[in-house]
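The same chain A turns up in both complexes below, where it pairs with chain B and then with chain C.
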Partner chain A sequence: MPHTRGVCVAIVEFIASEAHQFVDRLTFGQLMRVAGLEDPADVIPAVQYLTGARLHLLDPRFEFIDEVTDLVEEISLEAVAQARAESVFYHPDSGEPVEDFEKSLFMYFVPSPDALALSRGSND
Partner chain B sequence: MIESLTLVDLRKLGELRPDLADFADRMLVQSYDEFVRVLNKDLDRCIAGIEEDRGVRQDDGEDRITAEIINILNGMNYDASHDEKVGGHSDIVVRHLKGYLWLGEAKIHSDYAYLEQGFNQLCTRYSPGTPNADQGGLIIYMRVQDCAAVLAKWRARVTELGLPEYEDSNCPSRDTLAFFSSHRHEGTGRAIKVRHVAVNQYFDPKDRPVVGKSADVASAEPAKAKVARTAKKRRAPA
Partner chain C sequence: MNKRDQTATEAELKREVMDVAEALRGRQGCYSFRLVTGHLRAAKMPTATGWPPLIEKFEQLVASRERIIEIRDELRRIYEQSLMVSTRAVSVFEVTEAEASAAAAGIGALVDDTSDFAQAFPLPVSDTKLRKAGFNGVFCHLLKYEDGTVRLFACCRRAYRTRESIDFGELDDSAREALEGYDEVIGVRNGFVQAFDSIVVNPKAATVEIQIDIACRLTRDDFAKARNFYTDRLNALFGEKFENDKWLLLPKNFFPLIATLYAQKDGYVSSLGHATTTNSIKDERMRGRRSDLRKETFHEEGMAAIAGVTDEYSIRKGWAAPDGNRVPSVLISGHFSIAGGADARVSYAIIDGCADEDDFAMVMSKLK
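Coming up: the complex of A and B.
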């Protein structure tokens, strides 16, 4: 799809540039800005492609944000998958089940090892 | 402007945009079984599309229909290919970043011996039967009536093959139009699991005009008269 291709190209160019070194994570909002989009849904097809086997440039990550205590903690993909499968997620600090935990698990992305090599290669 | 998306946000997006449904599921695949589970769900989406407009595919061969399924999977950003050499030239090859492999064999149903040939191709020629590469699918395009009955007969025939450690089970997502089988892979001695899926391609609409009956001849008269008038106009001197 031409639209997805354009978004992918914009993201790849960003990763290959020096600009991405100033951010440690790529949120949907940042990817939207990089690609010149207004709807986060339009980023998702490109993200699916760039996290896939054919061109693996992004790795998904999750973080738990407790808006009451301001706790922000990265949660492994395995833990998120297990929480969804068992329908229970335990607070990293208190160990208590978190109500409606899916509202507190945020997805973001980091450049994959291949992407970092691309970046180093283009900036040498 | 939305900066971050939660799992709930992603699910809601999937409800509004079917092409984005289960995006989080695909991101969170952590095991081979999970990969196959999500892939089967996405395959069902592909198959639903194929079944909805089956009228336009009546003259298509196996490869043409299969290519369409592969294109849809690639649109979901799977690494899916046709005719890739895995043991032989598999109809559908789907690979995952973590090294998982799923193979599919597609057949247009003509007789059960033909389906058996496809099943044997999948299990004895293509599938390695090794960890992370021991699950696949037999996709059966059916242009005959009563797909459920045809699949039930096929299921009985597979049972009668006497495969070692054979088991079968229902597939709730497709009801009577799919089932799972498992038996000991000849090469590795491990279990190989196959999902047998009937894809409805039967198309015989009953709303076509029936030629020859008196009532219908009468209803055809206005149309015939119009054709005659048009022909007369064309013959008339300028």
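Coming up: the complex of A and C.
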């Protein structure tokens, strides 16, 4: 199992790199590739660390994607927590319950304000 | 409070709240729940995360008569907006001011007051009646505006199909046996919705707009068929008077606006379809209405690399509403086959994300 520290360093270097200043969003898949990992489970400890209070460089986000209508809608963390607690998620447009809603909710990450400062600072 | 409301029982008033709430829920295919909650929030009315809990709130409403009437009236107002500014395909015919004035004065002759749609308007007809209704619009109500504009509503049945996954566990043994070897079973459900199309005649602007209510998914052919039905009816009514039996023939061509809208710096271009001079066909799209493709790195660099020499064929562009809570948008949706064509034509623009007539007018003002 790769060392979490090494995975974190690879991700931080990627975010801070001048060549990657365009990055607005990152998926688990991209984070795996950045760190040279093959198993999604291996990136999770690093993601937990980088979204935590000690070195907060990534902000988690969720979006709802309706494969029928192609709707893509950002869903707040609170709304996702509420949906999970109540086991029901309502479609943002129709207002009706979405069956198997977890299949339509996707997690991704955006660079936190600290990460953006790090990125800009590295190029000053 | 009007006389009828004064004499109505609380149960009757609550029934009216539920009737209009259910009617508004029936518009969910073309009038987003987010727009409904936006209205309710602004009016300090009960709101919820979805229709089932919202309906439950209204059912369990404990409030004074005055408050129940306020809620009913607000729901009615929202519902009526949903009939006029829902997601719709708009075709615009440019006519003379004299023709538009005469048409505005005479178009009411098409209303059939005896139809089921007219009797129920503005509420929808019952499911039983809708099942028996035709697919062509029945003119059922005329609305007159202060500036001389008139809106003629036409209602009809529109059919849609949905595909749903069927859980093997819900099938009996014989059905499961018959389907052995299949990993997934998909059921096709046919449904119907009531559409509320509009014909808007504006004498000052000298235009006739045909607005097709996209109450369920429609194809380009569906838009054309519906539009042609209405132009035929209007040409039959006014052709002789205007000495032109093809009075409404070619609607405004929205195709040239695609490049114009892309070039104008305002708003958000959330999608662009274009065929490049480097032999690619690109459907580029941002993940939200408030993101602008023109400011996205991949798009910017790509366009710079080809010096912007490309043939656009579709665009979605939106503009923030004055209160900043939504982004009413237009979609001009041409197919890539028409990209770069000398006679390329798109006969309608799809307007969506509008909460009210002001939003709609704002988007239409961008299409001149």
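Keep this in mind: the second predicted complex is superposed on the first by the 121 of 124 C-alpha atoms of A that agree within 3 Å, B and C clash if a C-alpha of one lies under 4 Å from a C-alpha of the other, contacts with A are read in each partner's own complex, and residues count from 1 in each chain.
By definition in this document, a residue touches a chain if its C-beta (ideal position, glycine included) is under 8 Å from a C-beta of that chain, and two chains touch if they have at least 3 such contacts.
Not measured: the values here are computed from a predicted model.
Trainee: Are chain B and chain C a fit on chain A, or do they clash, once the structures share the same frame?
Mentor: Taken together on chain A, chain C would fit alongside chain B, as the superposition shows.
Trainee: Check the contacts made with chain A and report whether chain B or chain C touches more of its residues.
Mentor: The partner with more contacted residues on chain A is B.
Trainee: Does chain B (first) or chain C (second) touch A:118, or do both, or does neither?
Mentor: neither
Trainee: Considering only touches as defined above, state whether A:49 meets chain B (first), chain C (second), both or neither.
Mentor: Touch partner of A:49: chain B, not chain C.
Trainee: Figure out whether A:40 sits in contact with chain B (first) or chain C (second), or with both, or with neither.
Mentor: first
Trainee: Return first, second, both or neither, reflecting whether A:106 touches chain B, chain C, both chains, or no partner chain.
Mentor: It touches chain B, and chain C stays clear.
Trainee: Can you pull out the angle centred on chain A between the C-alpha centres of chain B and chain C, to the nearest 10°?
Mentor: 130
Trainee: Closest pair of CA atoms, one in chain B and one in chain C, after superposing: how far apart in Å?
Mentor: Distance of closest C-alpha approach: 15 Å.
Trainee: If you look only at chain C, which of its residues touch chain A in the complex?
Mentor: Residue list for chain C touching chain A: 25, 28-29, 32-34, 36, 49-54, 162, 287-288, 297-298.
Trainee: Residues of chain B touching chain A in their complex?
Mentor: Residues of chain B touching chain A: 1-8, 10-11, 13, 16-17, 19-20, 23-24, 26-30, 34, 75-79, 95-97.
Trainee: Spell out the residues on chain A that touch chain B in their complex, using ranges where they run on.
Mentor: 1, 27-30, 32, 38, 40-41, 44-45, 48-49, 51-54, 56, 60, 77-78, 80-81, 84, 100, 102-108
Trainee: So in the complex, which bits of chain A are touching chain C?
Mentor: Per the touch definition, chain A meets chain C at residues 22, 63, 68, 72-74, 79, 82, 88, 90-97.
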